[in-house]
Amino acid sequence: MAFLNSRTREKIIKNMFFGIALACIITLGLITLFLFMEGVPIFDLVSVKDFVFGMYWYPTSDPPDFGIFPLIVGSIFVTILSATISIPLGVMSALYLAEIAKPKMREIVKPIVELIASLPSVVIGFFGMVIVAPFLQEVFDIPTGLNMFNAALMLAFMSIPTICSISEDAIYSVPNALREASLGLGATKLETIIRVILPASISGVSTAVILGMSRAIGETMVVLMVAGGAAALPHSLFDPVRPMPASIAAEMAEAPFRGDHYHALFATGVVLFIFTFFFNIIADMIAHKYKQTGDATL
Amino acid sequence: GKLVIKGSTTVLPIAQKVGEAFMKQNPDVELSISGGGSGNGIKAIIDGTTDIADASRFIKDKEVKLAIEKGSYPVPFRVAYDCIVPIVHPSNNVKDLSLDQLKGIYKGEIKNWKEVGGPDLKIVVVSRDTSSGTYEVWEGKVMNKERVAPSALIQASNGAVAQAVAGNKYAIGYIGLGYMNSEVKAVSANGVVGSKETTLNGAFPISRPLFMFTQGWPEGDTVNFLNFVLHPEKGQKLVEEAGYVPLY
Amino acid sequence: MTEPMKVSSKNLDFFYGPSQALYDVNLDFEQNKVTALIGPSGCGKSTFLRCINRMNDLIPIARVQGDLRIDDVDIYSPEVDVVDLRSRVGMVFQKPNPFPKTIFENVAYGLRVKGVRNKAYIASQVEKSLESAALFDEVKDRLHDSALGLSGGQQQRLCIARALAVEPEVLLMDEPASALDPVATQKIEELILQLKTTYTIIIVTHNMQQAARVSDVTAFFFMGKLIEADATETLFTKPRKQQTSDYITGRFG
Amino acid sequence: MTEPMKVSSKNLDFFYGPSQALYDVNLDFEQNKVTALIGPSGCGKSTFLRCINRMNDLIPIARVQGDLRIDDVDIYSPEVDVVDLRSRVGMVFQKPNPFPKTIFENVAYGLRVKGVRNKAYIASQVEKSLESAALFDEVKDRLHDSALGLSGGQQQRLCIARALAVEPEVLLMDEPASALDPVATQKIEELILQLKTTYTIIIVTHNMQQAARVSDVTAFFFMGKLIEADATETLFTKPRKQQTSDYITGRFG
Amino acid sequence: MLNLQTESINLKQDSRFGKNGAPQGTPKSRRRLYQSIVFNLLRAAALVNGAALAIILWFMLARGWRAINWEFLTTAPYDSMTKGGILPCIVGTLCLGLGAMVVAFPIGVASAIYLNEYARPGKVLRIIRLGINNLAGVPSVVFGLFGLAFFVIYLEMGVSLLAGALTLAAMSLPVIIGASEEALKSVPDTYREASLGLGATKWQTIYRVVLPAAMPGILTGGILGLSRAAGELAPVMFTAAVYFAPKLPSSPFSEVMTLPYHIYVLATAGTEIEATRPLQYGSALVLIVLVLGMNLAAIIYRARLRNRLS
């Protein structure tokens, strides 16, 4: 009887932990539920197509226009632009850390990368606004320093740590046997990196890149403070844009409760959520495939 | 007691200035002031989550209906006037613009300063967030319900607009009277210079009253606060200090 | 000695940080002979082997002292190019470690990194190497499949082919058959006997029978010291040192 | 057999997922005897040992078939409580693994998890166990220091004391001295000889001299099969099977 | 000398394969040049990161330190926030961060225990992991929307410390789970086996052996979670932060000022943007010191831990 008791107790404890472990799923479920609940009513007013592809965002006019295409384009452009900066820098830094840096150097640089990751985004946004923007405006003689380029620069800075540290893990975990095999055949270190290490760690590196971009597309404060906020398609690098998170953050407080504007902002949140959700699923799929086939995949 | 004030970012500086002075006189009052916009304030009044709602526009019919359904009766108090002044870079020689010209510029139809008698320079349009009360007034009184071109630079506050125009010789913007400074140049509208007098006598075409709403007739700290705001020697002095046009 | 020595070490000391792994090793390797290094685990066999192609350079704390020559050139002198050295001294590792590439690309790898572009030459070289490694017939129909699909023994022969493709002079093998089953092991041993006509081969093994079967000369290491080196026949039948005879009769290790 | 068998396995098969690690093992262990399990690496010694206290339950893919009894009770029957079983069958591991706690707390651990609260009893039990493990004199002045400060040999004796404190009947030891130096090893061996008056001991060792020194019975495993089990003296001098004699003369492994 | 050697060898090999003039590869010097160019590029990339961090810190420090004094840290702002300090912001930020940890830490650690100690590989585990990964990827502003719709409106908490802390807790959950799992994984299995071998139940093993051994790592995760929560703004913008509330929060239902929000409103929507610049820099510097300080502490602590274990 006493045995049974202890066994039952263990079962209860296990189930309790299981229950708690579901917290993440539940939270995710609630997020999805409430996002959709508050966002979907806008589609009584505009069709999904008009919402997503509409060119005009005049939520407070009479009659209003709820087209978030410029916002989506703003988000995508800013993300791509920042990726063109952050991917090379992040992956190259990762290569440096994993393959070239002396252990001592690695010990110093890795924490620095982690520190960058922990800088509050509002500080980076603030920096972009008060230091970088006037600088850009002066150097390039443009109407405003708060623009796509500035935002991309700041976003790149924010996503580099993600890209760098995840790729570094992937690169570092390439088995030494492959490194030795290549060097033993008379390859230089660089040739080894390019022909063996990178191909072998490509899935880890791509996961890193996707997660980095996911971070950039969802980042709020930086684009809110730095992107300039014009809800129009940009024609040049230095045009202001209004990415989705910026629009939500700037307008939510002003939108009358459960009004059309409010619902439209939630619907924008849904679109943003779907974007990042796809990024994460892809990253997860790559990471999963990578795990199954072991450390030596092509 | 606790006193929560929410709403219009335009009224926010008034609420804050007056609130600080009010707290000095009534140290036991725990004051919380937030912006959030006129709509947000009125929503909070309807929900009963705030004591006072600031608004830079009058309550809408829809909102009144909603309030009555929930059994609350918002009471408006006019606390100040605001006038919105077009501004340009000090180096710009343009002195006056008609409302039609302003509308043309903001619609994106007038693209060069020389079309309105200025230098041969491209016009860079600076505007406010579409969801600000200030923008709503601009849209209503200048644009006649037509829209500001989406390519306009968007700034989040009056101060930011002033800054943007001060640093850019192509730019035009609009700000509340309280934000005027020497780094920007005010332009008269339809020949009328924006000032306290032209606002009060109604000559300046782009002006509006500012409100505070309460839920039902105010009592306790709330009524004390509103009396303080409306007091010609106390609140209204601070309104003027904040750069707005006092009621009297 | 009058014969030309391909590889020769004189007073070689080796350190991992503060701890010494090799003590004053003097050992010469004849051209076109197979030399086996034997000894208990941790005695420094691998360390010594990896000195010969300077693979130990990769270990930050490693330090080498003394004289190690190939064709009478000190390979630790500053003028020597490590990359070049390693393409002259091929290496095969304990666990087969093919690249996650096709079979063809594995063998072509050494040529490609050298910058060779000539496709016909590469193809012929790949085929020749695979033939030398006694693997060509088994894989000729799937040269462009992933090398990871090969069996362990095939993978190890692929690694040998890969090493041969860059035409090394010396071939180092660190327990090349220890991860393989008996049949695969036999194939590798046969291969070694074939290859010695062309290469100078140095092989580390913990299997004394294997040493006896494949090598001409055997060197016995113990605790970082070279105890004894002699013709394999002699060493196994008439060891001069007590430690050697203890080891080969299985008294310790 | 007429004598009572403490532990007995009948037709025991064991699988890690699809691969079988033990084949039809039939082996009995007498009370108050030391039985040594020997055999080359990977032959299944540890696997068999860990069947006896059901430590293999922790491996998700593990599966057991057949009959394993302690005091004639099938320990794999559903009524048996694993937790209780494990406190009756103590285990000592290859590498000393004291908890990062004080010496006292390490030994008291088994009692505490059983729910014993009586401080005096715990203290006396700790002292007794440390004495049985021949460690008390060395540590009596620092019972409340961290166990991680002990030497390897002391740590291993501490682990034995920790196992003894819960008063098990059977003591399983998986290469308990393989991580220790000769002096510490000797201490452990002496300890085993002392302990066998009270416990039934099963010890895995790769050191045949050790098996010869400490055990009454030796069982030889090869490739998952029990080849031969006999009195230690007999097995080492007159093995019945060729494989056994090959192994003990060092012909392979 | 060595070159000579190589040439003679080439000749020999050619004769061996009966092939004349094997194609010459890229010259050694060129290969080495490429390598040094690329390696310097990689080094430069790493340097750029460090330099960017240094530039940001330098600007904040150079322009912010003057604003910081005792009064700045211990008083509330006044005169339309052009004067005074940021005490309510610091307190609000810390309250939000700690509140989030009070909720997220136990849940996160318990989830990690389930994942690392109890769960067997399979569909359920994969789904939970997918959930965690996706939660980690949800944009912070979406957390804000969720907090607004769920805590503020649906659960009727109003804009309050509580709603903000819960929103932040949801956001930090994946961070804490990740760190805790890492810490649990680093506890050697031999501890678990030893404990189980002594007749301890699984829970006893976890509670008495595994958790104490993993605790430092888990706490490091907690600190990281706290610092992340303290620096975030988007999730609390609609759920907890207000423009001006000079008195310190008195209950979980108080609205609070927070450092990030303070920086944001002063810099973008304030009435006196230029006049309050020094205060903005000062606040930013305080926030940086707060957040980086916590991170640095965690990093150093973890490094020490690693050294001790190895």
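As written, the chain order gives the labels A, B, C, D and E, with residue 1 at the start of each chain.
Operating definition for what follows: contacts are C-beta pairs under 8 Å (C-beta built on N, C-alpha and C of every residue); 3 or more make two chains touch, one makes a residue touch a chain.
Keep in mind the model is a prediction, meaning the values are calculated, not measured.
Counting only chains that touch, the fewest steps needed to get from chain B to chain E is 1.
Common neighbours of chain B and chain C (chains touching each): A, E.
Put simply, the chain nearest the middle, going by average C-alpha positions, is E. Comparing the centres of all chains, each the average of its CA atoms, the largest separation from chain C belongs to B.
Ranking all chains by how far their C-alpha centres lie from the centre of chain D, first place goes to B. Superposing the C-alpha atoms of chain C onto chain D requires a rotation of 175 degrees, rounded to the nearest 5.
Looking at contact counts per chain pair, the maximum sits at A-E.
For this pair, chain A with chain E, the centres built from the Cα atoms lie 14 Å apart.
Between the CA-based centres of chain D and chain E the separation comes to 46 Å, rounded to the whole angstrom. Per-chain Cα centroids separate chain A from chain D by 53 Å. Chain centres here are Cα averages; for chain A and chain B they lie 36 Å apart.
With touch defined as above, residues shared between interfaces to two or more other chains in chain D number as follows: 83-84. Residues of chain A found to touch two or more other chains are 6, 188, 191, 253, 257. Multi-chain contact residues of chain E (touching two or more other chains) are listed as 31-32, 201, 268.
Contact residues of chain C toward chain E in the complex are 71, 73, 79-81, 83-84, 88, 111, 114-118, 121, 128, 167, 169, 198.
The touching residues of chain E, counted against chain B in their complex, run 78-81, 158-159, 241-247, 250, 254-255, 265, 268-274. Across the complex, chain B meets chain E through its residues 4, 9, 12-13, 16-17, 19-20, 23, 30-35, 49, 156-160, 163, 178-179, 242-243.
Taken together, the chain D residues at the contact with chain A in this complex read 81, 83-84. Residues 53, 55, 58, 60, 83-84, 86-88, 90-91, 93, 95, 97-101, 109-110, 112-114, 146, 148, 159, 162-163, 166 of chain C touch chain A in their complex.
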